Every structure is written in C-alpha cells, then in structure tokens.
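Which chain is which? They are A, B and C, in the order written, and residues in each are numbered from 1.
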Amino acid sequence: MQVEVSGLCKSFYRQTVLNKVSFTILSGSVVCLLGPNGSGKTTILKILSSIASIGSGKVSINGKEIFPGDPSSRKFSLYIGHNASLYPSLSALENLFFISGLYGLNASVDKIDEHLRFLSLDNHRDKQIKFYSQGMLQRLKLAVADLIPSPVLYLDEPLNALDQEGANLFNDLIIEWKKVNRTMLIATHNIDWVLGVADRIITLKNGQIDLDLDLKVMSKEDAGNLITGSG
Amino acid sequence: MGNLIWKELINEWRSREMVVSMFIFGLAVTLVFAFAFNVSPVLFRQFAPGLLWVVILFTSVLGLNRLFSYEGDMDAHWSWISAPIDRGLVFLSKLLVGFIFLSMAELLFIVPFFLFLNLDVSFSILFFLGILILGNSAIISIGCLISGLALRANMREVLIPVLLFPLASPVVIAATKSTVFIFENKPFGEWRIWILILFTFLLTSALLGYLFYDQIVEE
Amino acid sequence: MSFLALRVNKIHFLLAAFLSGINIFLILTIAPQNQLQPDFGNIFYIHVPVAWTAFIGYLLVMIFSILFLWKQGQTWDHFALASAEAGTMFMFLVLITGPIWAKPAWGHFWVWEPRLTTSLVLFLIFLGYFMLREFGGNPEQVSRYAAVLGIIAFLDVPLIFLSVKLWLPELQSHPQVGQYFENTGIMPVLMINYSFLSLLVVISFMIRFRVHNLKKRETHNII
C-alpha cells in the first residue's frame, strides 16, 4: 500500500520537531529514514501510526486520509517502536495473544509458536518479558511484526541490540515481507545495513528532509558518499 | 474488549500490586481513624459512613495511580494506541477492572473496619453492598478519566487527588448520605434521590471518558 | 504595542473605570437597603453579580473547550485559558465577599450554603486545572487535557449544587438574596452592577488572552 505524507509539521514543548515534511512511499518498497538523534525520525513514525497527533499536514494510506480517532485508519499499519510496547508482566505468548487480539486476528498457540520458533524464542515463550534481555526483546518485536500481517510496517531502530544471528534473521524476514508486498519504513542509524536493504533512503536534518535518494537509479557507493558527506 | 480486560487481569494477577497495596493502605487509614476519633461508640456510628467513604476515596487514588502508570513501562500503551480498536473501549476496560480491584480490596478491609470501630451490623447487607458497588464505580469512572488526563504529568501523584477530590464531591456526599440512611434502616423511598445522583454521575463520567479517551491518549 | 494602544481597548477601559466610580457611589448612597440587613448587607450588590460573572466565565471555559476539541485551533485554547483565569479571579472574589457577608448575617464566616459551597468546589477544581496546565506535560497535549477537564468541571456543577443542597436541607439557600428582591428600587442599581462587572470580566479576559498570544509568538520567534 502506498503511503503519502504531505506538509507534515509537528511541535513538542513549543519546539518545532517536524517542518513541512513530504514524501511518498510506493507500495511494497523499503524506505529507510536516517538522521541524527532528534532529527524527527521517531516522530514521523509515531504520527504515521496514529500514536502522535498530526500537527498540521496530511497523511494518507492508499489515497485514504488518516484521522486521529478513526480506528479504521489504523487498520493497515503496524508500529514496532524503539521500546518494546509490550507488557513486562506478561509472557511472550500472552503478549502476542494480546497484540493479535488487538488486530482482530486471534492467532492460535501453534501459529504464535511458529513465529517464536523462527526467532528461536520458543524456549522462553512462557517467561515474563521483564526478564528478557534487550536482544530477546528485539527479537520478540520482530515476531510481532511477523505475526501481524499489516500491509504497512513502521520499524524504529530494529537493529538495536540484535546479535549477528538476529540481524541475519531480520534480513531473512525483510525478504519474506517484500515477497508479500509489505511497505516498510525503517528508522535507523546503521548506514551500511541501510545500503544493503533499502530501495530508497531519506535523511532528515532538524525536522526537514535533507536528502532523498532512490537506490534504483543511483549506485550504493554514490548514495553512501552523499550521506556521509552531508553528515 | 475481552482481550483488554484479560490483559489487565493477568497483569494484576502477576504482581497483585493494586489489590494488596490498596488493602493494606485501607487498613492503615482505618487504624489512624480509630486512633484519631477516639469517641463513644454511639458517636462512632454516626461518623462511620463518612469515614468509610473517605477511606475508599483515599485507597482508590492509590489504585488509580498504579492502574495507569504501568502502561508507561516499556511504552506498552503504544500497542493499543496504534491498533485499530476503539480507544474508548480501553477506558471502559480500565473502568471495569479498576472497579473490580477496588471492590476486592474493599471487601478485605471492610471487615476490620467494622471490627476496629466496633460497629454492629444491624442493617440490610444487600442495600449496603449495592451502595458500595455504585459508589465504587462512580469514583473509579471519574478517577479513570482524571488519571488519563494526568497520565504524562510529572506530578501525577499530586494531580490525581487534587483533581479527584473536588470533582468527586457529589459522589462522596451522595454515598455517605445513602450509607447513613442504610445504617439507620430508613425506607428506600427517603433516600432514592441520592442513588439517582450517583447514577447520573456514573453515567456522565463514563460517557465522557468513553468519548474523550481518544483525544487524551494521543501524543 | 501596548494593550491600551488599541482604541477599542482604551474605550473599554475608560468605560469600565467610569462605571466603577458610579457603581461604588450608587452602592454607598442610593442603593435601596434591606431592613433586616443594614449597611453590611450592601455587599450584596457586589457579591451576587461577581458570582454570576464567575459562573459565566466557567461556562465560557466549557464552550471554548468544546470548540477547541472540535475545531483544533489554538486560539480557542487561549480563549478557554483566559476565561478560566478571569473566572477564577472572580470566583476568588466570591469566596472573599461571601464570608464577609455571612459573618454579620449568620454569625459565622463560613456556612455550607449550596451556592457558596459550589463556588468553593469549582474554585478548587480550577486550581487543579491550572496545575494540570502547568505540570501536565507537553503543551500541545495539555491543551487537550485542559479542554476535557474544563468540560467535566462545568458539567459537574449541577450535581455538586444539588448534592450540597440536599446534604444540609435545613440550610436555606441565601435567604438574604430573596429579601433584597422585595425592594422595588433594586433593579436599576443591580443592572449597573452587572454591566460594570461584565465589562471588568471581559477586560480581564482580553488582557489574559493577549498575554497568551504574546507568549506564544515569543516562543515561536526564539525558534
């Protein structure tokens, strides 16, 4: 599904965080957001997933404008945040049950097990997630993203705390998700990784779009040089 | 909705924080009252309804604080804020669960309350339970609304009681009055109006909470 | 540009000042007195209109809050905050003048009379309202929180009033007010009181509104 953002502005504590940000993500493409801390990456993802209200501007998914307070406008997207966004006192299994219920799926134990096994969490599925390590939480979040088949996926720093094996699993997942035409918007710091998976890279600076690079028409080296050059 | 309630119940079952802390707090306040109002049993009987509702109001603040603050751990509330559900339902589930927890804690400390204050039970238990249910739900419904408002405040612990006590004053008056009438075994017709006030309050605050919760939770 | 540089504000200000002079003169001289409440009872001419304007201030808070939630304009939020401030200032005057009147009339400074009690409860709720505004978190969100609270607060008024009234039924609601309306010459004086105090509430509202607007402009310029 195509995501369109036009003229998005947002302020927090009377500070401008986003200033007239506009871009369009084509259906099924992987777009990465790069930028220093506080450049507005997380805010964009939170607005797109209706966690934060739209200051001014317009956001639409598949041509349909999303409004705060309209549950149907949250139907197509899933947000996997910087924090786990899961309940610490619930086990992995219960958390996944809960999330799948929120999206009206009511997944069976077998199905959840399958997703947990893929990320090798099945041995810990009945443990309360407050006892999880950061890396395990990160994997659990990927399991959530895998379990909920939303056409649009927003990921905030998915690589944080992932070990090499976890990162490989994540890359496999991205390939799987691209096959089913999932649209992805990923905020991260890791330039090398981004150059490997992205179809397009958007860099942010002080709440505005700095660079917008389409990796289909330019080489990875050029893009990498441009990004590091503008720093 | 069932999903949301189930989540709250499991969370509480794992920690038992709310019910236990509310119960112990209620017990402690009862003890302080017993010391502070060391008067004749006859007078105590007249004070008792008021004291009871003060204890309930105080303990509810404790529970409300916890009921909402644990959502912020790991940003857990973002899961349902971004999900395609009617966020008003989250308010209603909080209301229901908060009511259940408060009532559980209350059932535990109400026996010591009667024992410590030497109150004899010569009134209609059924009416008494009824007024407890109604009063609790009215307090919790306005309390959930206020806790939602104070969710991101850095002075939440102070803001909740500061806003709750004056806003809930009709509930305290109505519940206390009805309890007085129940203790005196007066016919229902004499105090019907108080029940009406409690119902109106409950319905208005639950409705407002359901309607406004959407606006409240978004950042 | 200062507040008084605008002509409409200047006229408004002068009119209010002029009326306040007339008002005090009227109350102290020709306002009809009540047989049962000599001299001290004349505070009626301030207390009652002040109470009315305070309640109207809080009614405006609710109306502007609804408009804010509905239309999402920041001006509505400033309107709501300014009326809350003006209303609370007047509510404070109610709570000052009430006891001054109650002491000679009833013998106590504080009587749990329904109107006075409702005023007190509302006043406390609005102190909480300002705390929420100050400490509630990010200002964009707090505007929404405050709007919701402004609506709840006013909807709570009838219930508070009713329950306080039934709570102590032996306390009549303001017998003194009724006594005044037995006088025939009361209306003209009361009308002047009302118009003066309405002007005062409007002018304090406008000053506060301007302050909020300037504050906003200032913070935006810094960034």
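Annotations for the structure displayed:
Going forward, a contact is a pair of C-beta atoms (placed from the backbone, for glycine too) under 8 Å apart; a residue touches a chain by one contact, two chains touch by 3 or more.
Computed from a predicted structure; not experimentally measured.
If you take chain B and chain C together, the chains in touch with both are A. Nearest to the overall CA centre, using the mean of each chain's CA atoms, is chain B. Using the mean of the Cα atoms as each chain's centre, the chain most removed from chain B is A. Ranking A-B and A-C by contacting C-beta pairs places A-B first. With centres defined as mean CA coordinates, chain C is found 32 Å away from chain B. One inter-chain figure worth recording: chain A and chain B are separated by 39 Å, centre to centre, where each centre is the mean of the chain's CA atoms.
Note: centroid distance chain A to chain C, computed from Cα atoms, is 50 Å.
Contact of a single residue of chain C with at least two other chains is seen at positions 138.
Contacts with at least two other chains are made by residues 215, 218-219 of chain B.
In chain A, the residues that touch at least two other chains are 53. On chain A, the positions that touch chain B within their shared complex are 46, 49-53, 68-69, 71-72, 74-75, 77-79, 81-90, 94, 97-99, 101-104, 128. Within the complex, the chain B residues that touch chain C are 142, 145, 149-150, 152-155, 158-159, 162-163, 165-167, 169-170, 173-174, 177, 193-194, 197, 200-201, 204-205, 208, 212, 215-216, 218-219. By the touch criterion stated above, chain C contacts chain B in their complex at residues 69, 121-122, 124-125, 127-128, 131-132, 135-138, 141, 144-145, 147-149, 151-153, 155-156, 159-160, 162-164, 166-167. Per the touch definition, chain C reaches chain A in the complex via residues 138-140, 216, 219-220, 223.
Interface residues of chain B facing chain A in the complex, by the touch rule stated above, are 3, 6-7, 10-11, 14-15, 70, 73-87, 214-215, 218-219.
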